[in-house]
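Presented below is the structure to which this report refers.
For clarity, chains are labelled A, B, C and D in written order, and residue numbers in each chain start from 1.
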Amino acid sequence: MSKIKVTIWNENVHELEQNALGDYIRQSYPNGIHQCLKENLTADDLEIRTATLDMPEQGLPDALLNDTDVLVWWGHCAHARVEDELVEKIRTRVTCGMGLLVLHSGHYSKIFKRLMGTSCGLRWREIGEKERLWVVDASHPIAKGVPETFTLPHTEMYGEPFDIPDDGKVIFMSWYEGGNVFRSGVAFQRDAGKVFYFSPGHETYPIYKDENVIKVIGNAIRWANPQQPILKDRLATNQAVPLEKVTTENPMEKIDTSALHEKQ
Amino acid sequence: MSKIKVTIWNENVHELEQNALGDYIRQSYPNGIHQCLKENLTADDLEIRTATLDMPEQGLPDALLNDTDVLVWWGHCAHARVEDELVEKIRTRVTCGMGLLVLHSGHYSKIFKRLMGTSCGLRWREIGEKERLWVVDASHPIAKGVPETFTLPHTEMYGEPFDIPDDGKVIFMSWYEGGNVFRSGVAFQRDAGKVFYFSPGHETYPIYKDENVIKVIGNAIRWANPQQPILKDRLATNQAVPLEKVTTENPMEKIDTSALHEKQ
Amino acid sequence: MSKIKVTIWNENVHELEQNALGDYIRQSYPNGIHQCLKENLTADDLEIRTATLDMPEQGLPDALLNDTDVLVWWGHCAHARVEDELVEKIRTRVTCGMGLLVLHSGHYSKIFKRLMGTSCGLRWREIGEKERLWVVDASHPIAKGVPETFTLPHTEMYGEPFDIPDDGKVIFMSWYEGGNVFRSGVAFQRDAGKVFYFSPGHETYPIYKDENVIKVIGNAIRWANPQQPILKDRLATNQAVPLEKVTTENPMEKIDTSALHEKQ
Amino acid sequence: MSKIKVTIWNENVHELEQNALGDYIRQSYPNGIHQCLKENLTADDLEIRTATLDMPEQGLPDALLNDTDVLVWWGHCAHARVEDELVEKIRTRVTCGMGLLVLHSGHYSKIFKRLMGTSCGLRWREIGEKERLWVVDASHPIAKGVPETFTLPHTEMYGEPFDIPDDGKVIFMSWYEGGNVFRSGVAFQRDAGKVFYFSPGHETYPIYKDENVIKVIGNAIRWANPQQPILKDRLATNQAVPLEKVTTENPMEKIDTSALHEKQ
């Protein structure tokens, strides 16, 4: 069996800040969130690569993107720095079949907003409160082996209303000590590609060391792995087709319409 | 009762072409598709304005867009000429509550693709064949008064697979003489805004003179008309909220996190 | 404008119990939950009737059911006593266009389970804890005029996982003091009929006196009111239709198939 | 790897009729539709059993039903003869995780209607016309290896409107020579169980010998096979849960509520 080729992309900005906050974050993620995720997700069926915003081509040259089965995305304060052209490349590859996992503050990333079409807004509060997750659909592969409910002692709160389309399949919902609720794990399909949003994962808490969180992300990678070869020519689907013999006499038959379609 | 403010936007390029095709199109639409739609949709509860690509600010200055309850969109060969900034303004107003009707080749417009997140591709064939539409949900307000099935004698074929998200509510499906099928009338919601895609309407056939087609578009305008005031501050919804008293002792309490959010 | 004909059905069992619990419930609902709802929902556009299980034909003779635009359902300990034949009549009228509101413990009523097809199970706990509701889609007519969040000081907890189909449009979500979350307001369509489930409303707390709860129920009645005449012949939709001329030579042509369909 | 335990249930009535029609049907299905399906679906990963209505316990004794991973259902003229008690057993096992494939006229079976909650009506015409199927979502496992479009030379027409809930994921759509269209392959989830409806398969044409039809059914069996053990205790999910400490003083605390729940 060939391995699933996973690329974990992290903007990796908070982890490098030279201030008290940066010091604090590095206690949890000394080598960055991407390295922590890679270490904790390591398994025989996964080939995991990491990429960061400060690398050439923002970490995702064509050679790597086009060799990726599932892309994991973490971003927060540098969403605007991701180039539109790269976003469009990623979006196209998702619609062609690549899986995409969007974590935490990635709800406001260009790529997630581009795939959803909605505002992707939410309510938030950062006081380190307790979060309790609930499995809404225990039969879903992303919930496999995850207890019906589990807690994270300190998290940033993300709350409803969460501006996402109605085709989101809700796998997890969260309760927060401060009085909020959230659809914290939601699965989408965009053409041939599967997309999963999972909200736990604030940079200042060691959430990516939690075994349940890691299990969810690992399950989601395997779920999002394309079951058929990733299409090469998806952009060509707006295509002409001949088919049955048509008996209608077309009033347009004597008009040259070639000028029309050259412009498309 | 105040009228629904409708703006019909048309790229209006084919209608002006100086060739045999243009001559032919002008037989059906001497003043452009937008004028034909305006004339046929005229009703006491609608205040209809038209706009075209060649007008200042591509026909949609802020004053007009911000005064529009429902925008009707027709485009084909000039999608690429619509400016990204305008597309983003329209998208934002839709998510804030404005209704949007996307007609025919508008499936490949920037605004529709931006709201769907998918490729919006389809199959097509232009031989003037017969199309038969079927009402899939007769109880939906967009189907009110529309016969269970009706035909258009000559149309461009649009066929499946149609790359749209799964939250589309199918109101109409089409049969084509040449052997294709299509989800030809599909309703979406994007945050507070309603979006309806309706495929009939090729420029070379007088489809916008068909009474059933006009009835569908008129119904859709009234359906998409926002039932609550259009939000002004939707983009601000990613906002912080205080709430219940939290008893957790936050390990982050002594860290200054202000640096973090200044960057967002 | 003709009034919406609303029928509020209540099993009305707890309210009549001759014990300490019954005494307690009667403090909130001296004339039954149905009368409290009727009084608080009274408005010029509504014609409200009430019905209870102990009435002839279990409160819903054909004459009343067939004159009902929107049925409101409250049941808890007597679900099993509602006759299957009546359930099927209600289900049929819903699919023909009648609106249905299912309140609180009605999640386990025969009619709700019959319309959902799922188990409709949930988690519960009865310790009078605080519930906080959140509006998930403020643009939905059922949320009109409802604050983004409001609390009920004492409720029975209903928690996820809630076994309902994925076509439920989530309008409200609830947070409970004890650590649970719930999709507490969910809208469905079943053929021509609209169905809304709303979880607040335990018999032992005066929840149907809360102005926000009443506003939601009132909004839902107007939303569920059929916009087109309720169909008379929905059961006949599995019907044969002639249509286009078909040129295929049918190998079955010489076989008498009448025997087949007589049996259907 | 353990085999998927498949049970193909067929009412097996048409095949036994002693008339010209029965003679004709037996040309295609000399041993019944169930045997034809079994032979054509045979594969190393499947353990296929068949069952018919005339067998003891209508072919589905508990021992067999409880040993079935995926149930395939074919019925037409004898829907009413299937006992309600058996239908409820099947429905419960589906919600607990068993896969269910409903073929052709099974759209009007008790089990399908019970799982959908809608009328499941459609339009039909039996003149042996040509059907052309289109793959709507090529990335779905049920469409794996199926050509984008394929035809069946002679079928019974099933047409829209098809009264099913909106959570149906459309995998196939059909075109009919006589002018109709249909969502001919639709996937649902009901709690833990997957359900697939596939319309081709009229008894009078050898449709279950078509390689594409067989491929679809084989794919669907593998898709519907539960990925986690089938639950034993799903009916118990309406259960009480203790959880976080609650600080609210409950006005009900001194009331004995046990009487209430004994009745449930």
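Definition applied: a residue touches a chain if its C-beta (ideal position, glycine included) is under 8 Å from a C-beta of that chain, and two chains touch if they have at least 3 such contacts.
Predicted model only: the values in this text are computed from it and were never measured.
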| item | value |
| --- | --- |
| Between C-D and B-C, the pair joined by more C-beta contacts | C-D |
| Greatest separation from chain B - chain, by CA centre | D |
| Averaged-CA centre spacing for the pair chain C and chain A, given as whole angstrom | 36 |
| Between chain D and chain C, distance of the C-alpha-averaged centres to the nearest whole Å | 27 |
| Distance between chain centroids, defined by C-alpha means - chain B, chain C (Å) | 33 |
| Contacts with two or more other chains, residues of chain B listed in rising order | 132, 138, 159, 161, 166, 179-180, 189, 191, 243-244 |
| Chain D-touching residues of chain B, taken from the complex the two chains share | 132, 134-138, 148-149, 159-162, 166, 169-170, 173-176, 179-181, 183 |
| Parts of chain A lying in touch with chain B, wherever the complex brings them together | 13-14, 17, 19-21, 24, 76-78, 91-92, 95, 108, 114-130, 153-154, 159, 161, 163, 165-167, 177-180, 188-191, 204-205, 234-248, 250-253, 255-257, 259-260, 263-264 |
| Partner chain D, residues of chain A touching it in the complex | 97, 132, 138-139, 141, 144, 149, 189, 191-193, 226-228, 243-244 |
